[in-house]
């Protein structure tokens, strides 16, 4: 576990540094600001007011806790800079509508664009258009088809999530022969679900004593989480660990576990919801850890956009420019480090 | 006839549906250029036979020859390719398409087989309509905007748009006025002169006499007579073949003192009018009296009945039952006050075709059998049975689905509904439409008996002999206006026809 | 028994003259056959489940699980069956369930405890049903469009209330209702509610004037109107009924999942319509069967259960589900037409 946390420190630091680099003294830990920006407050680079930057932000409709947290993080981060003004569009899941919104932002001649596309592939063209118009694009999480469509991509690591979850569970079950593991996946239509499963399977290969015995896909909703988990529990009278892809559906999964009266296994969640953090901290149920897919990336995206607008690099790194791609580390949050992450938990 | 084989020859045609043998070895020969009439009661197998001929049903057995060659009519398209066109009684036109589009539906004139040549279609349609004597129908108009008679012409134009050798017409005159019927006969004459054969189905024997060459009579899925001479076979013989009876219309006796003189007025209509449909109307119907409204299609007959019933909102005037005015435009108020309507379109407006006779009869009196909404089904069944027995509805089993009944018995089910409801005023709109000749007399007797028991009856019919034979008093309508009122015995058919055509009581 | 009429065939002309063939005798037989064929499908599924996973499938807990999972959509389907029988359609059921479930689980509502949550869920369901009913019955809107509009706005309102967040229920009385301790003689309270709604629905549809009028309106609205039935009021009541069922279902879902979420009730409208149609309710109206609808729901839930127990993945599940829908309908039509 220790090597994991240290890796986390190293890699997550990349984003944290880039974020913190630009805002010395920014305190995101104010009490009323629980779901806000990057928890890490280490000052790393200059946050001195610089050239004014207008950032256009376009995201999908916040119909899910995580996406809601993305919007919150972006807004709150932008508010902290006197030299940043944020042009926020109404979130939309409709590709055509989002293209229209981004084109409006291009016409308004914002300095930098931050785009979390409803569908990365479908919005590639409009990303290209912005870049050609001289507006650098920070592509958030759902990646465009071609690197030409963005100046910088920052996002989570779905494969890495599976990897982290697999390693965590593998370590926990070390020495137990014939250990059985089950997986409650997310919406199977999405590529990210396949990536998470792939990472999980690859990690488990390192532990020959552990075998994945079942996998069912829910739909990122509480209702589906409860339904699928109830079936999994009935199908598997005995298992040792469960990885659930998403903390939102995890609410339902935990409910099903409670209803079935089961507590003979350990559960690892995914994403980093506040309710999951709280359960981990209380440590009186099956949920022992969750793997991050941090919505703080939106705050970092604002930092990157500001740096781009002001022509600066990332503090703490040798280069003069910001990187073209930043993959966030999927850290494992358990009882030992949950306090540190509590402020980043989303509802 | 020439030694060449008949245009169409069907022999031994058999067709069964689950539980029913609809056709049982029917033979039918049709020569080019003749009008071959098909007669039979409802359920005799006429519809099934023409559906076989149209390729819509596949026979279980039998042979169809076309110009002597055995053919299989696998689909309506196959029949159409041979030159067989069918004009169904229920018109199968698309209301939201134009006349030209309907006429060419499925075989639109195209360039490169894809792009519809709209103008060519319109011109071709225009030519057909002129040939049919209806140049006033605009090929560009929507079919839904046309009258029923005009729609029939469109249907015919569609049949003629193919290279047609045989046209089947299923009760084509049912929706037509007398002058429209004359036009229809002229068209039929033109067609046969061109060598086209016509299979003509009608209930009206006088039509068959006028245009028919030969008659085939169907009864219970068998051809009981084939190729009788249409002009010379006595009516008695034809009716006897169809029904086993020798009478056609028998009207019940009127009660000795005319009920109009002694009864109390149950229904009073005062100045009732609907703009564009009928002018202010006054009438009274007394208990025990049958009042008839005679008039052509478009004279406002059905509209008057539906307005009295509250199904249409009047623009002026009021309806009173037992002296109390009804809330205008409310069917529920009318039903509560004791009105009952047997509408013209029984299947579309009165019957729940998926349901049993019992449920069709009880639907207007449900609360009578219910306590707190809970239906006492025993009481419901008993009451429905009593009501249908009183009207001698056949079969004597109210559990059968209403759609299996003949037209006359379906009408009785509607009457039983109002009998059960205890209605005071019965509004009858074309009560014998689609009812066999044989069953009509029985229905007339039922209506008269209901009147004798104290009901007030308002009757609308396009068949003048029916109004004259059944009603006590007759109001003659022309273009939404009452042009004459008289006791029925004082009128005859010619007089009434003069009135509805001329509008003045000519002598 | 539910009342079935045989499917409409040809015009009366092709049928025997009245009294010649006892065609109606086949009616009851056919009704039996239709229900029996559904039971047959269900039995086949039980055999498949029992063979593939004997220990896990043939287990009291699994029976409790399947019935519990069927309860929420089952209650919705009972309401939907009424609406479809009347010739209408309610596309907003899933959205109403979502809205009712989030409205009933806001922090403010939860302060009023068990009663507050139940009351709010039912009231929101009725309110949405009232709007649907008024628009359709008195506003002259087509049910498809009116309920589609309700679908959009109820989902939107649910999103607005939650902000996309999951609302956790903290009221113990509600939560405990979904747990084993409150099972009554081994029957989960949710299943009891489902059973109660089913029985009431069956009685209302088959034994009351309300049910009779529903069938009449669906079979022939014009005939019903001319027979003196207040068709508009009947329609209003029907959408209110559907809304009420959605409210009850929302409460059951809150109990089951211990939360309210704006994504709740996703695609319930399609599941409910599919279950009703498979059950034998005519999409064109005029014939409805609660027994069939409930069997349809149970078939779907059992399929999902068997798939999950056998660890089949969603792609296989979806393909098989589609195939089973087609097969069930074909089997039904075949059995109904050969007898």
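Order of writing sets the chain letters: A, B and C. Residues in each chain are counted from 1.
Just so it is clear, contacts are C-beta pairs under 8 Å (C-beta built on N, C-alpha and C of every residue); 3 or more make two chains touch, one makes a residue touch a chain.
All figures in this text were calculated on a predicted structure; none of them were measured in a lab.
Enquirer: Make each chain a node and each touching pair an edge, then name the shape: line, ring, star, complete, other.
Expert: Looks like a simple chain-to-chain line, open at both ends.
Enquirer: What chain lies closest to the overall centre, CA atoms only?
Expert: Of the chains present, the most centrally placed is C.
Enquirer: Can you check how far apart subunit A and subunit C are, centre to centre, with Cα atoms defining each centre and the answer in Å?
Expert: 38
Enquirer: For subunit A and subunit B, what's the span in angstrom between their mean Cα positions?
Expert: 73
Enquirer: Please report how many Å separate the Cα centroid of subunit B from that of subunit C, as a whole number.
Expert: 41
Enquirer: In subunit C, which residues are in touch with two or more of the other chains?
Expert: Touching at least two other chains: none.
Enquirer: Under the stated contact criterion, what part of subunit A meets subunit C in this complex?
Expert: Listed in rising order, the residues are 61-65, 67-68, 188, 213-217, 219-228, 230-232, 234-235, 237, 248, 251-252, 255, 258-261, 273, 275, 347.
Enquirer: Considering only the defined contacts, which subunit C positions touch subunit B in the complex?
Expert: 5-6, 8-24, 26-27, 207-210, 212-213, 215-216, 219-220, 222-230, 282, 286-287, 337
Enquirer: Which stretch or stretches of subunit B touch subunit C in the complex?
Expert: Residue positions touching the partner: 17-22, 41-43, 45-48, 51, 220, 309, 311, 331-332, 334-336, 341, 343, 348-356, 359, 362-364, 366-367, 370, 373-375, 377, 394-397, 399-401, 403-407, 409-410, 417, 421.
Enquirer: Would you mind writing out the residues of subunit C in touch with subunit A in their complex?
Expert: Residues in contact with subunit A: 53, 55-56, 59, 61-62, 65, 68-69, 159, 163-166, 168, 178-180, 253, 256-259, 261-266, 304-305, 308-311, 313-315.
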